[in-house]
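Report on the following structure.
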Amino acid sequence: MDLAAKLKKLSLTLEQKNNYLYKVVVKSEQLESLLLSFINEFDYITLDSINCRDDLEDGVFTITYCLQNRNRDHIVMIQTSIERENATLPTMHILWPQAEIMEREMHEMFGVNFPGHPSLIDFALEYWNDIPPMRRDFDTLEYVNKMNPFRGQRDDALDAKEEMKKRREAKKAAKLKAEQEAAAKEAQKVKTNTSEEVQR
Amino acid sequence: MNSLFLLLNLLPIIYLYKFNAYAHFSVPLGGDFTISFTQTPLGTFFAYLSLISMLLVVVAQRGKKFTFGYYLLQFLLSMAMLIIVFASNFITFFIGWEIMTWSSYFIISKSEKIDTKSLQKYILFSLSSAFFLLAGMVIAYSFANSFDFKTLSDAFGSIPFGIKVSIITLLSIAFFIKAGVIGLHYWVLDTYSRAPDLFSSILSAVMSKMGIYGLLLLYGNIIGYHELKSIYGTILNGTTFGYIIAWVGVITSIIATFKAITQDEVKRLLAYSSIAQLGYIIAVVGIGTNYAVAGALYHTLLHTVIKLLLFINVAAIISQTGKSRFSELGGLIYKTPISFVMLLIGIIGLAGMPPLGGFASKFMIYNATIDVKFALILIGILFSGAASFLYCYKLVYGIYLGHPTSREIESTKEVSYSYLIPQIVLALILILTGAFPGAFIKVVNPVLKEFSLKSIPYDKPSIMHSAVGDFNGLFIMSAFVVIFVLILLLVLKIKSKATNSLNRFDISYCGEIPTVNTRLHYGYGFGTDLHRINFANQILKRSSSGFYESLSTQTKKLSELFNRAYRGNIHNTMIVILLFFSILFFIGVSQ
Amino acid sequence: MIFQIILLIMLAYSVGFIYFGLYRNITARIQGRYGPTVYQSFYDSIKLFCKKETLSYGWMFYLGPIIMATGAVLTLILVPVFSDSDFLRSITSQGNLFVLLYLMVLGPLGNALAVGTGGNPFGVMGVVRGLTRLIGLELPFYIAIVGLIIAANSSDIMNIIDIQKTNGLNIVNHPLLFIASMISMVGFFGESPFDIPGAPQEVYSGPRTEFSGKFLALLMSQGSLFAFAKLLLIVDLFLGGADSLLMLVIKTFVIFVSVIFIGIVYGRYKVEQAVDFLMRLPTLIAILGLARVVWFA
Amino acid sequence: MESGFYGSSIKCKLEESGIPNTHAIMERVVRWFESRSIFVIAYGTGCGAIEMPPTFTSRYDAERMGVVGVATPRQADLMILSGYLAYKTLRRVIRTYEQMQKPKYIISLGSCPINGGMYWDSYNTIKKLDDYIPIDVAVTGCMPRPEAIIEGFVLLQERIKNGEKAGWEKYDKNLKFYKENQRRVLGDHTDPSYETDWYNLGGGDI
C-alpha cells in the first residue's frame, strides 16, 4: 500500500501484523513529526488509544499510538520507547482532542509527563502520594496490605479442615446406623413370618 | 443645611393643612394670560403625595454630602409640582411643567454615573412632552378663547369632532410620555438607572405621577367622562375610549413586566417595574367609572409608597456596597437584616399580596374592569401580575438571599438610620393601608364628586366595598398573624431540634463541596428560561431603541439638508428666509 | 367558631392525607404494583416530625415553611365548605375570590424566600421554574375565574354557589371554563406533565432540596391542607358546593381522582414546553368559554 | 394488612413492658412510625446499582413497605451502598453520610463492602467498609437479588422497631476511631477539612 511507500521516504518500515493491523516503530525524537504527518498527510483522523507498557528490564516505557483513517479498514500502531525515569512525551491533545484524557490517565498511572498539557490533575486517584500504581516496581500486594489489611476471622469462627472431617465422620456414622436399622427390620420381618406359621 | 430644607419642605404641608377647599387666587399678566390657582380635591391629593414623598427623600438625604444647589433645585422641583397640581389654567400648568422639567434635568446632570446620551434622551423627551402639551392647549385656546380649565370644559361640547379628538390625543401623549407608556418609555430606563440614587425614587414615585395627574385632570375635570362617552360611544358596558386607553395600559404593563425580569441592573429592573405599575393605573384611568377612578388614585398612592421604599432601600445598598448588579450582590440578609425586612414588605406590596396594601388597590382595579365587563383587560392585568412575581423574587433574592458573590459583600454593615427611617415610615403606611383599605374611600369620594361620579359606599375603615363583593383587610391581616404565630409556636414546641448550619456553604451538593470558584448565586442565570418561551421571547427580542436610533439618524440627515441650503454666500440664505416668510404671509392671507 | 376552624383543619388534614395515600395506591395499581398503605403519607409526616435532627440556615429559613403553612390554612378557612349551613359563614364572607387567588401564591413565595436563604442553587432553580410555570398555569385558571365572576357578577364565592342553585351547575353552563381550570389544576397539584419544579432527577428535588425533618413534615402537611382547599374551591365554583359531609367527600374525591388520571399518564414537560402548551390550547378553550359568557349570555 | 399486624405487635409489646411508662410508650410509637417509613438515598457505588431499579419498581415493589427513594441526603433516613467503593467514592460517601439527618442507617450490598470481594488486591478499593462508616445491615451476595435486598429492609425495620443500637450512635460514640481510619486511607483530605476560608464564613444565627 502507498502508506509503506510514504514511510519509506521517512526511512521507516511498515510491518504487517495481520490483514488489518500494521505497525511502525519510531524513535522518540521522530514521534511528534511522524504523528503530525500521519494526521496531516496520511489523513489518519482517529486516535483509538494510547497504550503504555512498562519494560522494567530494558528500563523503558513502550508507548503505542493506535490510529485509524477515514475508511476504517485498518489500524496502524505507532510504537516508540522512552526512558523510565523522568519520562516525557509531547502532548497530542491539539491533534486529537480525545488524547487529552488518555494522556491524563497515563500521567497518573505511569508518571509520564506531558509538557504543555492543559489538565494534568488527578483523574481516578485523588491525592495519590505513592509511586504511580501501574509501574511494575510498585508492589500492589504490599501496598494493599499496608493500606487496608484483610478482615481477621471472627472469634466464633471454626477451623475448616476440622469441620470437614467432623462432617464426613458424622455422615459415615449416620449411614452405618441406617444400614443397621435396615438389617434389624429385616430380621423382625422374618421373625413375624415364622411366628405366624407357628400359629397356623 | 439638610434640616433647613426639611423645614422648607415641611412648611407647605402645614400650610396645606389649613387650606380650605376650592380656594382660588390669581395674578393677571394682561390679556388672557393669568397665573391662577384653585385647590381641587384631586390637586390636594397629589400635592400631599408629592410633598410627603419629597420630605421623606430629604430625610433620607440627611448626613450625605449634597450641595446647597442640589437641595435648592430639589425644593424648586417640589414647588413646581405644587404649581402643576393647583394650576387652574393651562398657562400656569405649562409653566409648572417647564420648571419641573428643567430643575429635574439639572439635578440629573449632577449625577456621576450620567452620560451625555441619556441626558439628551431625558431632555428631548421631556421637551417633546411639553410641546405636545403646548400644541394641545393652543388648539384648545383657538376654539375656546380661554386657557382656563373651567371655561374650556364648558365650551368643549361645541368644538368640532376632529378637533376634540386631536386635542385629547395631543394632551394624552404629553402625559403618556411622563408616565412612560411603552413606546414612549425610551428615556425612562437610562434616566432612572443613571440618576442620583435617591433622586431616582423621586423620578419614579412622584414625577411620573404628574403624568397620571394630567390624565385624570384632562379626562375627569376638563373634558369629563360623560363627554368622552358621547364622543367615542360605548363598548361592552364601558366607553370605547376607556377600552382603547385600557389596552394601552395593559400592553404597557405586560411588556414592561417581561422586560423587567431579564434585567441585571437593580435600578433598571425597578424602572421597568414602575412602568408596568403605571400601566395598571393608565388601564383604569380611561374607563372612568367611580371604581376605576378610585382604583387609579389608590394605586397611585400605593405605587408611590412602594417605589419610594424600594428605591431608597436599593440606594442604601448601593451606597453601602458600591455594587448595583444582581450578579455582583447577594447574601446580604444576615448582614443588613432591617433593610431585608423593609424590602420584603416592599415587594409583598409590589406583588399585591393580600395582607398588605398593594392588594387593596389592585382589587379596586379588578373591580373597575369587571364592572364594565372588560374581561380581557382584567386577564391582561392578572397575567402581568402573575409574571411580576418573578421580578419581585429576583429583587429580593438577587440582593439579599443566596450566597455572597464576592469578598467585599461579606464585610457589609447595616445601612445608616437616615436611610432606614423613611423606609420604616413607608412600611407602616403599607401595613396600615393593608389593615384599613376602606379608609381611603373617604379620600376618594370628594374627587368623585368633583368628577360628578357617584360616590362609593363606606361604613367601616377595615372593609373595602366594591361592585362585585367586598373584603375585610383587618380580618385577613389579623387572621394571618394569629395563624402564623400559632404555627410558629407549634413548630418551636416540636421535639426535633433545628440545629443551625455552621456555614451556608454546607449545602447538599451531590457529595461534592463547593469551593470559592463555584458559582452558587443564581443571580447569574435568572430569567434565562424566558428566552425559550415563545411568547416571552417575542417580547424580549424586540426593543424601541432601534426605532429611535434610526429616527435620530434621519433627523441628522435632514439637518444636513438644511445646512446645505445655508452654506455658501449670504444671498441664498436671504432667499430661503424670504421664501419662508412669504409662505407664512400667504397662509395668513388665505385664512 | 374556633372549634369549627379546628374541626375543619382536622378534617382537611386527615382527608388530605388519605387522598394522598389513595393517590399513591392508585398510581401503584396503574403501574402494576401493590402500593403502600393508605396511611403511608401520614406515617411519613409523623416520622419526619420526630426526626432527631433538623438542619436550618437561619431565621428566614426557619420561617419560610411556616409562612407557607399559614397561607394554606388561611386559604382553607376562607373557602366556603358547605353550601347551605352557616358553617364558618362569618369568616368566609370576609374574603372573596381575588383574595383567594393571591393567597394561593403567598405561601409558595414565602417558602421561596427560605429556599433562597438555604442558598442551594438547585432549590432556587426549582423556585424560578415554578414561578415561570406559574405564568402559564395561572392564565387559563384566571380566565376561567374571571368568566365565572362576570357570569355571576360577583366575586363572592357564596353568591356563585347560590346562583348555581337557581340556574344549574357551572360545570353544565360553562363546560369550557371547567375544562380549562381542570388543566390548570393538574399543574397546581404538581402532577405530570407540569411537575418540573420539584423534579428529583432534573433539579435535585427542587425547592425541597435543603428541607429536612420537621420543615419537610410541615411542607407535606400544608400540602395536604392546601390540596383540600383547592378541591373545595373547584367544587364550590363548578359543582355548586356540597350540602353534606358525604357529598363534600364524594365531590372532592371525584375531582381529585380525575386530576390524578389526567396527570398520571403523561411524561414531564420542560418548563418552556409547559408554558407554551398552556398558552395555546387551554387558553384558547378558556377564551372561548369567556366569550360565551361575555357576549352570548 | 401490615398495619394490623404491626399494631397488634405494638400492643403485646406494651403489655410485656409492665408498668405503663408513657415516655417509653411514646418512644416505641415513634420507633414504629420510623420503621414504617424509610426514605432511601440509593448510592450506586458499584455494579450493585443495577439491582436497585427492580427493587423499587413494579416487579419487587419496595414502596409497599414504606421504603421510598428520595433525591437528597437531607431527607434520607437510609443510604444504600451498592458494591465496591474506590477511595474517591468513599470520600463522597462519607460526605453524603454526614449530611444525612439523624436517625440514619446504611445498608451495604454485595461482598465487596464486607471483605473486598473480587477486588481484594486492588490498590484503589477499600476492603472493610465498616472501618470507615458504620453499616447497619450488610446484604451479602454477588450481587444480591432484590429479594435479598428486601430481606435487608425487613431486618432493618425490625431493628428500628426493637430500638437496637443503630450505626449512627456508634459513629457518634467512637468518631475518633472512624475519623482516623478515614484519614489513613484518604490522607488528610477527609471531610470536613476541605479548607477554604469560605468554609468558616458562618450563616445567620437565630
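Here the chain labels run A, B, C and D in written order, and each chain numbers its own residues starting at 1.
Here is the rule we go by: contacts are C-beta pairs under 8 Å (C-beta built on N, C-alpha and C of every residue); 3 or more make two chains touch, one makes a residue touch a chain.
Model, not experiment: these values are computed from the prediction.
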- Identity of the most central chain, Cα criterion: C
- Task: Measure off the straight-line distance from the CA centroid of chain A to the CA centroid of chain B, and report it in whole Å.
- Result: 74
- How many angstrom lie between the CA centroids of chain B and chain D, rounded to a whole number? 58
- Query: chain A to chain D: how many Å between their CA centres?
  - Reply: 33
- Item | Inter-centroid spacing, chain C versus chain A (mean Cα positions, whole Å) | 58
- Could you say which residues in chain C touch two or more other chains, in rising order? 50-58, 60, 62, 117, 204, 209-210, 213
- Task: Among the residues of chain B, pick out those that touch two or more other chains and give their numbers.
- Result: 333-334, 500-501, 504-505, 508
- Considering chain A alone, which of its residues make contact with at least two other chains? none
- Message: For this structure, enumerate the chain pairs that meet the touch criterion.
- Response: A-D, B-C, B-D, C-D
- Message: Taking the touch rule as given, give the residues of chain D at its contact with chain B in the complex, in rising order.
- Response: 72-74, 92-93, 95-96, 99, 191-192, 194, 196, 198-206
- Can you list the chain A residues touching chain D in their complex? 124-127, 129, 133, 138, 140-141, 143-144, 147-151
- Task: Write out the stretch or stretches of chain B touching chain D in their complex.
- Result: 333-334, 404, 410, 500-506, 508, 511-516
- Which chain D residues qualify as touching chain C in the complex? 2-3, 30, 33-34, 36-37, 39, 57-58, 61, 63-66, 68, 70-72, 74-75, 77, 101-103, 203-206
- Message: For a test of understanding, state which residues of chain C touch chain D in their complex under the given definition.
- Response: 24, 28, 31-37, 39-40, 43-44, 46-47, 50-60, 62, 117, 200-201, 204-205, 208-213, 216
